[in-house]
Structures are given as structure tokens and as C-alpha cells.
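Before anything else, here is the set of structures, which you'll find just below.
Paired with subunit B in one complex and with subunit C in the other, subunit A is shared by the two complexes that follow.
So, the complex of A and B:
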């Protein structure tokens, strides 16, 4: 019994990790309809930002989170303005090709710059855990989980309560109409992508505290983010939280109670079922082209 | 008059050396491990070239190595070996890192009748294909991990229960089989046995299950990345059995560099240690090899590096003995293959004598433990540099 509870806790925490690094993916797809295949590279860049800031500046990843956010925000803004803007509104295949190219370029430049070494760093607090009644709660994952709720909540508030958020939402709904209403659609897109990238950078920084990182880690994260987005509903932000949690819990329970090999199979089976039965995601709020 | 003729001729002859191709993982899942093999061959070539090269019939031919990155992908390894043979027209090959990669690559080498000696691939299946051109200086994977189990028969209080987990790829799953075989032979109770996918992202849940069974010792079938992830997850879920051992990984210098103090007490399998009485006329004793390697790379060679060097030396010795001068033709390589089956020689890596499947004679099982940031030999007792530290303290008391 205690193994089930422990696996459940682990799954919920893992779900928070998934949700945090998938939120940016959902946001970008929701607003621009771009499936960002280079998403995992943004996670990787965030992870390396935290890694180098810790190694060279002895800055704790929690403190360097705003720096990671800022760096990735600027990077995302430039990327969108220079490249991705050109494929918004074009057939989806164009965005696949472009972002796949960006994925290759970033991953290989990182490989040249940082070599293929697997890296990890020992932040004194991050590797340890809290124990409570025989149950173990790893600290870094708990922080990530809380951060996931916070980030998704903040993005949600930003979209629903602020002027910029309204501009983003109206652009997502109908960009031509939004432009007629005086909204600078290009700026909105760039802002959205930058926000998505910034949040993903934060996720990457947190991931670096408990996972091994390397320049080629990205694709795996893109795949998980895609699964999370489909489960939660493509482009529906709170769905990232739900999708992440579901994926994390299913994976963890499978690994602990059945076999780790089955957890991947079960995940994809659920994904298949959702696509078949609820293509708009579990809550039915996602977008469908 | 004669001077003007022999001058350019001698120059031309000196340029014509042995071109040796290596397809090895420099990036990807075993990239960090594979780069050790690159260092090892580079060291061998530098040493041989500093003496003028490989000596054939009184004349010396320098060695020129061509490294290509197989990205840890077996299909790429096969493709690159074909490229090295047909495109780069190399005279000889040397093996890369990892059983899967070498498994695919050696099939191509076999087709083109190129002997391929690997020092970093040991899965039993490599030797069960009836190949004539494949050789390995390492023992079989299932035997290689023997020291990792036997070291726990020498500690007090003797552990009773053992859990075994490993990635479900060729080498690591065979290592797990070896762990199980020797655990049973020595009367340990195997309370858990499980293989998991190599791309599993989160290890916590998988290890929670092991923790629940409270084994005295955890044995892991691993490469470097898996080993790192296991140690991180063990600390996160506060799982500290009395002992933990890995089939491969902790002896790669990056393991200690990245994990720091968390790498302490970890045990790993090995087949070589610098204080064994091995020697050859190129590197001297095993201790000399160790010292020279340290001067060149600032670190001790790992056992796969010693084994790779051993393979290169074996190939060199047979070429010298048979008097095969470059550029080598197919019949030269056939002769080389036959010659390799006949050798029984001592190198600084230890004895090299291939059986009819291409596997090397058994080397004594060695286990090393990370102590104060360095890999230290702890088993067998007669070659040990220090006794094993046991039991491993709980994470919270470090």
C-alpha cells in the first residue's frame, strides 16, 4: 500500500515537472498554431543556463530562475521575429519543417559549444528529500510542482485579465479581425513566443537540478510536451496541468506497480485513445484544425 | 645523382603509412564512454609514431588514425565502417564502443574481410555469430561483472539479499544475467530482477519498487548515463542499500567529476588494474602504461582504454611478425586474421589469446570502488589497493 501511495506522490510531482515544461508549448500552439519541434531545445538551453550560472557564478538555480527566464525570453523574441513569424498562418507543414530545422541547429551548436558530456550539478538542497511518515518527497521536484501551478496560473491570469492577454487571445481567435482592431499582430506573436520560451527556460532550469542534462536531450522533452498538450487539449493552457499530471501519475504507477517498460506503452495507448475519442483533449477545450 | 632520386622516394615512402579507421561513438547515449576509446587509440598511435611507426621488414611505417562518430547508433556504425573501407580505403580497422554499435559494424567488417578488434564491446552475442574477423580483448559481458558480485563475499557483515536492475539493451541486460548467475553461485538471495527501457526518463518510481524490497545490495546493468541517473535517483528517494555496483560507468572520469561526493562508495566492474604484473615492449608494465597515460591525459586509463590499447598492440604485433607492409591487400588481411588466432602474448593490458569465437582468455575479475574521488581497486584481494568500504552510509549521514 505504501508503495502505491509513494508512487502516486512521485507521479504527481513528475506530473508537475511535465506540466511546467509543457506550458510554453501549449501557449505557443494555442496562439500561433505552431507545433514547436524545437521546444525541447528551449528546455535544454534553460537547463544549461542554470548549470553555467551555478558552476561559474555559484548562483543557486532558484535564484537564477529570473535570469533563465530573461535569457530565454529574449532568445524566443528574436527567434520569433526573425524566423517563426514567416510561417505563422502558413500550412502546418511549414512550421514543422522550420522548427525541426531550428531544433537541429540549436542542438548541434550546443553540441559544438558544450560537447556531448552528460552533466549534473550538486546544488546542496536540490538532491535531498523531505521524509514524512515514511514517505519521501524530493525537494527539487516539490518546488517544480509548486512552480508549475504558479506559472500556469500566472499565464492564465495574464491571458484573461490583462490588456496584453486580451490582445493575445483575440489574435489567437481571429488575427485578421484583431489587426483591424489595431492590434500589432506581429508584436503579439513575438511576445507570446518569448513568454512561452521564457517559461520553458524556467522549466529547464528546474529540470537541471534533478535530471542529467546534455545538448541532445531536447527531442525527448518535445515528445512529452506534445503528449501533454494532446491530453490536455492542444492549446488549452490549464490542460497542460491536467495532461502533465495524468501522464506523470500513469507513468509512475506503471513503473512502480507493473513494469517500467510498460509505462511508455501505456502512455502512448492513452494518447491514442484520447486522440480517438476526445480529440479536443480530456476537457474538450482544445483546438482542432 | 643518386641523392636526387632517393630523396623524393624516401619522402614518398615515409608518407605511406598504415591508415586505420575507427567508427566510435563520440556523441549520443554512449558518447562520453566512447571518447575514452578515442583517447586510447590516439595514445597508442602517438606512442608508436614517436618511434617511427610500425616496423615491417626493417622499415617503419607511421600510423594515421581516422575517427568517425557513429552517434551511438548501430546503423550509423555499420554505414561508417562501410565508408571507411570503400571510401577512405583504410588498411585496417579498430573497434568502437558499445556492443550494439560494434555488433552492427563488425558485420560489415566481416563482409569485407577486415579484422576488427574491439576493446569496448563484450556482449556474449558478439561471439555467437560464427564470425571469423571479429575479435575482442574483453571477456564476455556475463563474466566481466563477476568481480562486482564476488567483492560482496569478502565484506563483513556479509550481505544476504541482492536486487538487480538494468537497461534493456544488449550489454546491460547481459551484465544483469551475469550478476544473477554469480549471485546465485555465491548463495545470495536475488529479491528483485528487472530490466527497463534505456530511454526511461524518470528512475524514481522504478527504484521505489526496489527500495520497498529493502535489498542489502543493488547491482545495476549500466553504461555511464544510466549509472549517473541511478545515483541521482537513489539520493532523491533516499535509497541507500549497504552496497551498490555498476557493470560500467563509474570508471569513466566524468562520472566522478559530475556527481562529486555522491559518487563515493560506488563499485564498478573492471578487467584491468595497473598493479597487475603485465608488460609489453611498447608501453612497459601496466604501471608504466598507467603513468604515461596520466602524463598525457591527466587521468588514469579506464579498463576499456587499456583493453583498446591491448587490441591495437595485438594487431600491430601480428603485422610486424607477418611482415605486412601498407597498402594492405585483401590477402594480407586474411593472413592477419589467421595470425590473430595464433597469438598468445602478454601486453600491458594482460594476456591476449583469442579462442575460435574471437573472445579473449579470461582476465581476473576486478572490482573498483570510488574512494575519495578516485577509482580504487578493491577486489580481488591480492591486487587490491585498499579494502572495500562497506556498508555505504545513508545519504543523510554523508
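So, the complex of A and C:
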């Protein structure tokens, strides 16, 4: 019994990790319809930012989160302005090709710069856990979980309560009409991608405190983010939270109760069912059918 | 030659037409829709454009706001208060004082009524002015005031149309483009929309309107153009066109 509860806790915490690094992917898809295949590279860059800041500057990853956010925000803004703006509104295949290219370039430049070594680094507090009646809660994951709720909540508030958020949502719904409201949609896209990249950088920094990092780590994160987005509804931000949690719990329960090897199979089976029965996500609020 | 600014401005405001379209062609890719279209709208007028389906009326509207790029012959183009709009992006054109209530309303469905209205005023900064404009819209359509938090996507067709016009007015336009404001509306509701347009016009807003309900629109217009097959087939004072045999036969079913 306590094994099941522990697996459930692990799953929920893992779900927080998934949600945190999928939120940006959902935001970007929701606003401009671009499936960003280079998403995992943003996670990787955020992770390496935390790594180097810790190694060279002795800055605790929690403290360096704003720096990761800022770096990835700027990187995302430039990427969108220079490249991705060219494929917004084009057939999806164009954005797949472009972002796949970006994925290859970033991953390989990172490989040249940082070698293929697997790296970890030990932040004193991040290695410890809270224990309670035999249940273990690793602190780093708990922080990530809280951060996921915080980031999604903040993005949600930004989108629903601010003038910039209103501009972003109107652009997502009807970009031609948004232009006729006097909105510069290219600037909106750049801001959106920058925000998405920024929070993904934060996610990468958190991930680096409990997972191994290396330049080629990106693709697996992109795949998970894609799954989370499908479960939650492509482009529906709160859906990232739900999709992440669901994926985390299913994976963790499968691994504990059935067999670790089966968890991927079960995950994809659920994904398949969702696509079949609820193509707009579990809540039916996604933008893609 | 560079004119002193004061002269340039007074020329624009006092002498130049509000909108002057001269010899433009427009279309989509290889498909040419508008052929050598010229048209003008004077300050304070309501001008109608009528014509059968697929004549290019919407294309004309899209060309004015820059969503579809018009091509002009030498010396031609689209001029707003004497200023050539060539090369300006839609978001720049609307900031000059043109606004549109597009075909099919195109309100933002996943946003509330109030958010839609505020988006109309997105280019404005002065909060007091925005409040004043909001009051004007509410005076025109009092029911909107009670529906501020309703999702626009749940409004009825007629309500959407009125919201779309209200949203357009929120930018405090000099020139209001209306693309079939009565599309799909019950005659009684359509009449209400037309009288709202008249009220807006009396408030000092110039209007260029595309309409299929020809009798209604000629009634409130000063002048009208007939667009057929992408070209202007006829034009003149609305009062004359309404008695024209061709118009009677083709558009008024008399």
C-alpha cells in the first residue's frame, strides 16, 4: 500500500516536472500554431545555464532561475524575430522543417562546445528529501512541482489580465483581426516565443538539479512535451498542468505496479486513445482537432 | 519639394478627400479580382458599394486596410486624407483613423464582450478617452453594457454584428468601413443596425459601406457605387441610383 502511495507521490512530482517544461510548448503552439521541435533544446540550454552558473559562479540554481529565464527569453525573442516569424501562418510542414533544423543546429553546436559528456552537479539542498511516515519527497522535485503551478498560474494571469495578454490572445484567435486592432502581430509572436522559451529555461534549470544533463538530451523532452500537450489539449495552457500530472502519475504507477518497461507502452496507448476519442484534449479545450 | 508641415496638414484636412482610391487592381496570387477601380469618399458622407456576390466588394475593403495588397497603375493608389497608404501594414493603416467592421463580424469569440471592446481601443493610450468611447458605444447599444462579461462567441448573429461595429468605434475612427453589416440579420434587426450607422455618421464618422440590402443602404447613403465583376459599373447620388432601371431590375427586384 505504501508502495502505491509512494508511486503516486512520485508520479505527481514527476508530473510537475513535465508540466513545467511543457507549458512553454503549449503556449507557443496555442498562439502561433507552431510545433516547436527545438523545444527540448530550450530545456537543455536552461539546464546548462544553471550548470555553468553553479560551477563557475557558485550560484545556487534557485537563485539563478531569473538569469536562466532572462537568457532564454532573449534567445527566444531573437530566434522568433530572425527565423520562426517566417513560417507562422505557413503550412505546418514548414514549421516542422524549420524547427527541426533549429533543433539540429543547437544540439550540435552545444555538442561541439560542451562535448557529449553526461554531467551532474551536486547542489547541497537539492539532494535531500523530506520523509514522513516512510514516504519520501525529494526537495528538488517538490520545488519544481510548486514552481510548475506558480509558472502556469502566472502565465495564465498574464494572458487573462494584462493588455499584452489580451493582444496575445486576440492574435491567437484571429491574427488578421488583431492587426486591424493596431496590434503588431510579429511583435506579439516574438514576445510569446520569448516567454515560452523563458519558462522552459526555468524548467531546464530545475531539471538539472535532479537529472543528468548533456547536449543531446533535448529530443526526449520535446516528445514528452508533445504528449503532454496532446493530453491537455494542444494550445490550452491549464491543460499542460493536467496533461503533465496525468502522464507523470500513469508512468510512475505503471513502473511500480506493472513493470518499468511497460510504462512507455501504456503512455502511448493512452495518448492514442485520447487522440481517437478526445482529439481536443481531455478537457476538450485545445485548438487542434 | 517639401511643404511646410502646417500647409501639408491643412491641405490634408481641408482640401483632400477623406478616402480616394484611384485606378487600383487587386486580387489573390494569380487571381485578379479588382480591375482599375476608382472611388472616393468625402468627409461626413455615407457611401455605399453594392454589387452581386463575388464582385470583389470584400476584396475592396481588404485592400483599403492593407490585408490584401493592391497594385496601382502609375499615379494611382489609395489615399487617406491625401496620404498614400501604399506599403503601410494594416496595423499602421488603422492607426491613421480607418477601422473596419468586417464581413461576418469576426469578433474574438473566446473573449468577453468588454475585452472585445477594449481591443478596439488597443492603439489608444488615454484612459479617459477610452472611457468616453465606451460610453458612446453603450449609448448606441445599451444592451452591450449589461453583457460585458459574456463570452462574445455566445452572442447571437445580430448581437455579434453590433459588437463588431462597437469594437470598430472604440478606435475613434474618422472613416468606418462596414462590410455587409446586415448579413444574416432579420429585417427588423437590420433596420436597427442601419439606424445605428446613421447615428454614428451624425456623430461625425464618415462611412463606406458594402451592402446587399440595397434599398436600405441607398436610403441612408449620400452616394453609391455599383461594383460588378471587379469593376465600377455605375456610380452617382443614391437618390438617383434608386430610380435607375438597371438597379431596380438587378438589385431591388422591382
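Assume the second predicted complex is superposed on the first by the 288 of 289 C-alpha atoms of A that agree within 3 Å, B and C clash if a C-alpha of one lies under 4 Å from a C-alpha of the other, contacts with A are read in each partner's own complex, and residues count from 1 in each chain.
Heads up, the rule we're going with is that contacts are C-beta pairs under 8 Å (C-beta built on N, C-alpha and C of every residue); 3 or more make two chains touch, one makes a residue touch a chain.
None of these values were measured; they are calculated from a predicted model.
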Contacts of A:252 with subunit B and subunit C, given as first, second, both or neither | first
After lining up the shared chain so the two structures overlap, which partner does A:119 touch, if you call subunit B first and subunit C second: first, second, both or neither?
-> first
Which one hits more subunit A residues, subunit B or subunit C?
-> B
So, A:167: does it touch subunit B (first), subunit C (second), both, or neither?
-> second
Looking at the overlay, does A:192 come into contact with subunit B only (first), subunit C only (second), both, or neither?
-> neither
When the two structures are overlaid on chain A, which partner does A:95 contact: first (subunit B), second (subunit C), both, or neither?
-> neither
Shared subunit A surface residues [contacts with subunit B and with subunit C] = none
Of subunit A, residues touching subunit B in the complex = 2-3, 6-7, 10-11, 14, 111, 116-122, 127-129, 131, 136, 138, 140-141, 210-212, 216, 220, 224, 251-253, 255-257, 259-261, 263-264
Which residues, counting only subunit B, touch subunit A once they are in their complex?
-> 26-28, 31-32, 168, 194-197, 199-202, 204-206, 208-209, 212, 224-225, 228-229, 232, 235-238, 254, 258-262, 395-396
Would you pull the subunit C residues touching subunit A in the complex into a rising list?
-> 65, 67, 89-91, 94-95, 99-100, 102, 106, 108-111, 115, 118-120, 122-123, 171
How about subunit A: which of its residues touch subunit C in the complex?
-> 163, 166-167, 169-170, 173-174, 176-185
